[in-house]
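Below you'll find the structure I mean.
Per-chain numbering from 1; labels A, B, C and D assigned in written order.
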Amino acid sequence: MTMRGANRPFCRFGLSFFIILLLPAYLCGQESIAPPSKVVAYDFKYDRGEAVELSWQLSPDDKGNGSISGYEIYRAEDPLDSFISIGFVSAGTSSYRDKSVYKGQSYRYQVATSSDGHLYFSEISAAVVPRMELINWNLLNLFIIGLFLCGSVIFFISHATRGKKLFIRKIAGLEAIDEAIGRATEMGRPILFVPGINDMDDVQTIAGITLLGRVAKVVADYDIRINMPVSRSLVMTTARETIREAYMGAGRPDAYSDDMVNYITDEQFGYVAAVDGIMVRQKPATCFYLGAFFAESLILAETGNSIGAIQIAGTAQPAQLPFFVAACDYTLIGEELFAASAYLSNEPKQLGSLKGQDMGKLLAMIVIILGVLAATVSQMGGGQFFTDIHQFLSNIFTVQN
Amino acid sequence: MNKWGLIISLTIIAAGLLYLFIKSIRGRDVERRFIFLFMGLAVAVPILFNISFSEKATPIVKAAFDKIENLPPGSKILISFDYDPAMAPEVNPMTDAFVRHAMAKGHRVYFMNLWATGQPMVATAIDRIIKTEFPEKKNGVDYVNLGYKAGGTGVLNVIITDIRKMYLTDVNGINLDSLPIMNGIRSLRDMDLLISVGGGLPGVKEWVLFAGDPGHIPVVGGCAAVSAPLLYPYYPNQLMGLLGGIKGAAEYESELKRKYPRFAETPQPGIKMMGPQTMAHLVIMAFIIFGNISYFVLKSRGE
Amino acid sequence: MDTFGIWVAAFLTLGIISFLYRDNPWYKVCESIFVGISAGYWFVTLFYDNILGLFWRGVTSPDPHYMLLVGAVLGFMMLLRLVPPIGWISRWPLAFVVGATAGLYIINYFSSNVMLQVQSTLAPLFSTKFGQPIFEASLYDTIGNLVIAGGTFTGLVYFFFSKEHKGVFGGAARIGIWTIMITFGASFGYTVMSRMSLLIGRMEFIFGDWLRLIR
Amino acid sequence: MKRQVPVIITFIVGAVLIVSVFFPPAERLGENFSVFFDIIAVFAFFLGGGNLIRIHGNKIYRRQKDWAFSAVTLTGFIVMLAAGLFKIANPNGITGDVAATGSLFQTLYYNIFYPLGSTMYALLAFYVASASYRAFRAKNKEATILLIAAFIILLGRTPLGVYATGWVPESFSLLQIPNLAIWIMSSPNLAGQRAIMIGIALGVISMSLRLILGVERTYLGVDNE
């Protein structure tokens, strides 16, 4: 039986067991293995008072030759209750974060070297009380970089609102949307709009719905049939609202009908089975797949291809992009999906936000170049300066928790 | 039987490929239905004749195996079955292997699901593996099935700080506080390892982003091959190891068999499925080649 | 599974596969059953887990979570759509959901996808231990690191919206899209494997459980 | 009022959630919001389920084309609801786990839901085959690169890849197909994934900000003025 196995009942029997185990350790262990020393416990900073950091100096016998198996961590509530084992770390480790403490309670710790089924206990640490802090200063870097990103988006939005002209390059998949809708008009066949299979708590679905708003506007103007099977009830309600408003905007509220959007089933493949059926029976001229897609992407795209529809897809699921890229006429890759609605709106405000997110890319690119160069130069023996730069960049992009 | 099976399958597949080749050389497109039929045959024949190959673990699978192997017995491992029946053939071999390994090593296992449709899978895994191969293991002591909670990443956001805020009872309605295995478990942070097996959303990625990273808890994943490329960026810093698709499962099985002779006779669905899989791969490659031949033949004619 | 169940399952399996030939009544039956059964399944599951398990148990527990009532009120507002004169109230919970999603996504994507991914790209191009001569670096690793840093960089260039893809910038964007195409190709190659396993699973059911041709 | 309130709600909720991350006492707000969403989603299901019954009920009532299939759907829905809500044939009675072994709910799941779902999924194998034949053609540089990468990865997963380049000497081991496949996965693939991921994240941030600030409100059916 290993030491760790032996400690399980220990938790439950508390003090009595503690003494039984402790005694032989003191009696026969003294001369062979040294316990860890300088056990320090301190409150883990900037959290809700739910963690204590523990550090100690390794036992002199911990030489990495397997003579000791590790350290067993003990904790007692203050005023001194019995010590119970709360965790185990392997040899060579000199710190532990206890995440099972309660705010405001005082604790003391003890660390034991575990070797050959025996425990060799350290001194008891000073008492520590985990506290909740008001502000999480650990996330200061997240805050600053976030402020830069959000700030640049907001800056360019307001910049554009003041009438400054912004250049945005052409995105082929979006230029094709009008053409695809036009084709449905010519052929007198419906348009199929699939907003993915996730619910409204996925931002991809929301992106799909905002695009639906743009598509529905054109559809309402040209009086084309739109068919939108959905797999989530909340998406159904939202989509109906969106399309209805588009028809109102076009001045034809009576042409709108709730039957344009239908809930099928929440089940992924049940939904796909039904959409496939709709495709081969109604033969839509144009299919939009905009939202979160999973395995169904290729089933939809290949079925759409077999009926000769123009297909425009967009998703931020990297695993599905290859299928859409291969089987559809146009594909919005990741970021383009989120940019699409802003792009199509052609409003300065929205276009400004695209310029803003480019600033984020610029930041990432600059940091990557500087960081990689600094790391390389420092690797080649370029000196402390470059090591510091690399370390600094690396640190500000590390999220602590 | 095996030898003849191999010969017959190869003959059938070769005949089909020849037909395709002639068609494509002439620049004709083959009808979809023929492709479908051919594909079906290429998979069916090796299954019927039980053709398989040997496997060796790649580093990323080995890392997953070692992570579980090197935890001291009695460690707390949470296994989440984040998939549905449709995905089961591909990922069930992984959960089977993980459960076998954890049980054989003497770890404590906590089951849960982020997918509603995955709930019955845990029950069958417990029946099929723990109850038959490890009858000495006790529910509530050595393992517990927490069941499914709706909310996906929302669930993770909650249980990373407090499991009992989501789960008051286990799947059988027994209060968590009365289960010995839940002693001292307050949140995911008390786990020694999180294993997520799944292929969609929420899946391994969400476990990394919403549980592993914020809680500093090691995560090992198993996923459908389709999600594997997506998860590579997280290895080895945020994800300790990964089983990608059937091949990953087969490699894990071979490693398990090597380390634990007791599993030599247990079913190895992963290794078994690699036979038809390999055949299917060859056929797909042939399709890509022939598709391009016919494309270039057509193009040279057009110009 | 009993014999009857297996036959039912086989009937349904073949029905779905028949769609590959063409749309037909057999497939339509399977499709209709699937839609009905699965919608029912999801409602039952959501009901037990969210309404009964989460909401009801939470509110009636000895230490009640009254915050849950807020959720219920929002949910109830959703139903007001059925009452046209005040149907517009149903936009409130919707606005709530969208706001919450936007807020949560900003933070999660920012810290995990931007910060961590950028941070992990900051590696030296040569994988030598500090102080070793540069020639000890493995050529393959060096090429690999160069490709990772360069590919990530040019990939970002490709996504730039506010600059025309011309000249040097256009060239970088080109390399970026090539890198992305390699990624897609690799994903595809990997996925093929996944898809086959599922077909193998079904075939094993047909030949094994149903026809009993294999063990 | 009808148009302003939702925009204000979105702003407040979004802003509070972002800010809460930096303040430990408010750190857990996100959890509550997730829980609220789950509850809202169930209420919404009454609308979705109601719509399902209405559509198919109408079809049957009016004897429209294919009404018999609608009857099948509706029957399936009601049977599953009844089996689950009343726990028909559940060995533990009305208090047992809804998916207990032997219950009608679980039987339907295993004999109907499961085979249908996994077969639908398995169809993908066929579609992958037809897409490989039809769509993976070297039409331009991008398509060619995609094709070659896919081909090498596929080759690397089969014994053929091992035999094909087994003769390549150890010092050029990267050129052996299985190693090349792994290299592609861990280098260029990683770079592409990272670029896509960073791009997506920035897209999400910008889009979320547009939503929170009320710049984008198409989803509310409210057009931007």
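Just so we're on the same page, contacts are C-beta pairs under 8 Å (C-beta built on N, C-alpha and C of every residue); 3 or more make two chains touch, one makes a residue touch a chain.
Given the structure is predicted, the values throughout are model-derived calculations rather than measurements.
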{"item": "Leading chain pair when contacts are tallied as C-beta pairs", "value": "C-D"}
{"item": "Centre-most chain, if every chain is reduced to its averaged C-alpha atoms", "value": "C"}
{"item": "Gap in Å, rounded to a whole number, between the CA centres of chain D and chain B", "value": "18"}
{"item": "Whole-Å gap between the CA centroids of chain A and chain C", "value": "12"}
{"item": "Overlap residues in chain B, where contacts from two or more other chains coincide", "value": "32, 36, 39-40, 43, 84, 86-89, 117, 119, 150-151, 153-154, 161, 199, 213, 226, 229-230, 233, 247, 280-281, 284"}
{"item": "Sequence positions of chain C contacting 2 or more other chains", "value": "16, 19-20, 28, 30-31, 34-35, 37-39, 41-42, 45-46, 50, 54, 78, 81, 91, 94, 97-98, 100-102, 105-106, 110-112, 114, 116-118, 120-121, 149, 152-153, 156, 159, 180, 183-188, 190-193, 195-196, 198-199, 201-202"}
{"item": "Residues within chain A bordering two or more other chains", "value": "142, 149-150, 201-203, 206, 234, 237-238, 241, 264-270, 273, 295, 318-319, 321-323, 325-326, 333-336, 339, 354, 357, 360-361, 364, 399"}
{"item": "Overall pattern in which the protein chains touch one another (line/ring/star/complete/other)", "value": "complete"}
{"item": "Touching residues on chain A, where the partner in the complex is chain C", "value": "142, 145-146, 149-150, 166-169, 171, 200-203, 206, 234, 237-238, 241, 264-267, 269-271, 273-274, 276-277, 280-281, 318-319, 321-323, 325-326, 333-336, 339, 343, 354-355, 357-358, 360-361, 364-365, 367-369, 371-372, 375-376, 378-381, 390, 393-394, 397-399"}
{"item": "Of all residues in chain B, those that touch chain C in their complex", "value": "33, 36, 39-40, 43-44, 47-48, 50, 86-90, 116-117, 119, 148-151, 153, 166, 168, 199, 208-210, 213, 224-226, 228-230, 233, 237-238, 244-247, 273, 276-277, 280-281, 284"}
{"item": "Sites on chain D touched by chain A in the complex", "value": "21-25, 27-28, 34, 37, 40-41, 44-49, 51-52, 55, 113, 116-117, 120-121, 123-124, 127-128, 130-131, 134-136, 146, 150, 193, 196-200, 202-211, 213, 215-216, 218-224"}
{"item": "Chain C to chain A touching residues, read off their complex", "value": "16, 19, 22-23, 27-28, 30-31, 34-35, 37-39, 41-42, 78, 81, 90-91, 94, 97-98, 100-102, 105-106, 110-112, 114-116, 118-119, 121-126, 128, 130-131, 134, 149, 152-153, 156-157, 159-165, 180, 183-185, 187-188, 191"}
{"item": "Chain B residues within the chain D interface of the complex", "value": "29-30, 32, 35-36, 38-40, 43, 53, 58, 84-89, 117, 119-120, 123, 147, 150-151, 153-155, 157-158, 161, 165, 171-173, 229-230, 232-233, 247, 278, 280-285, 287-288, 290-292, 295-296"}
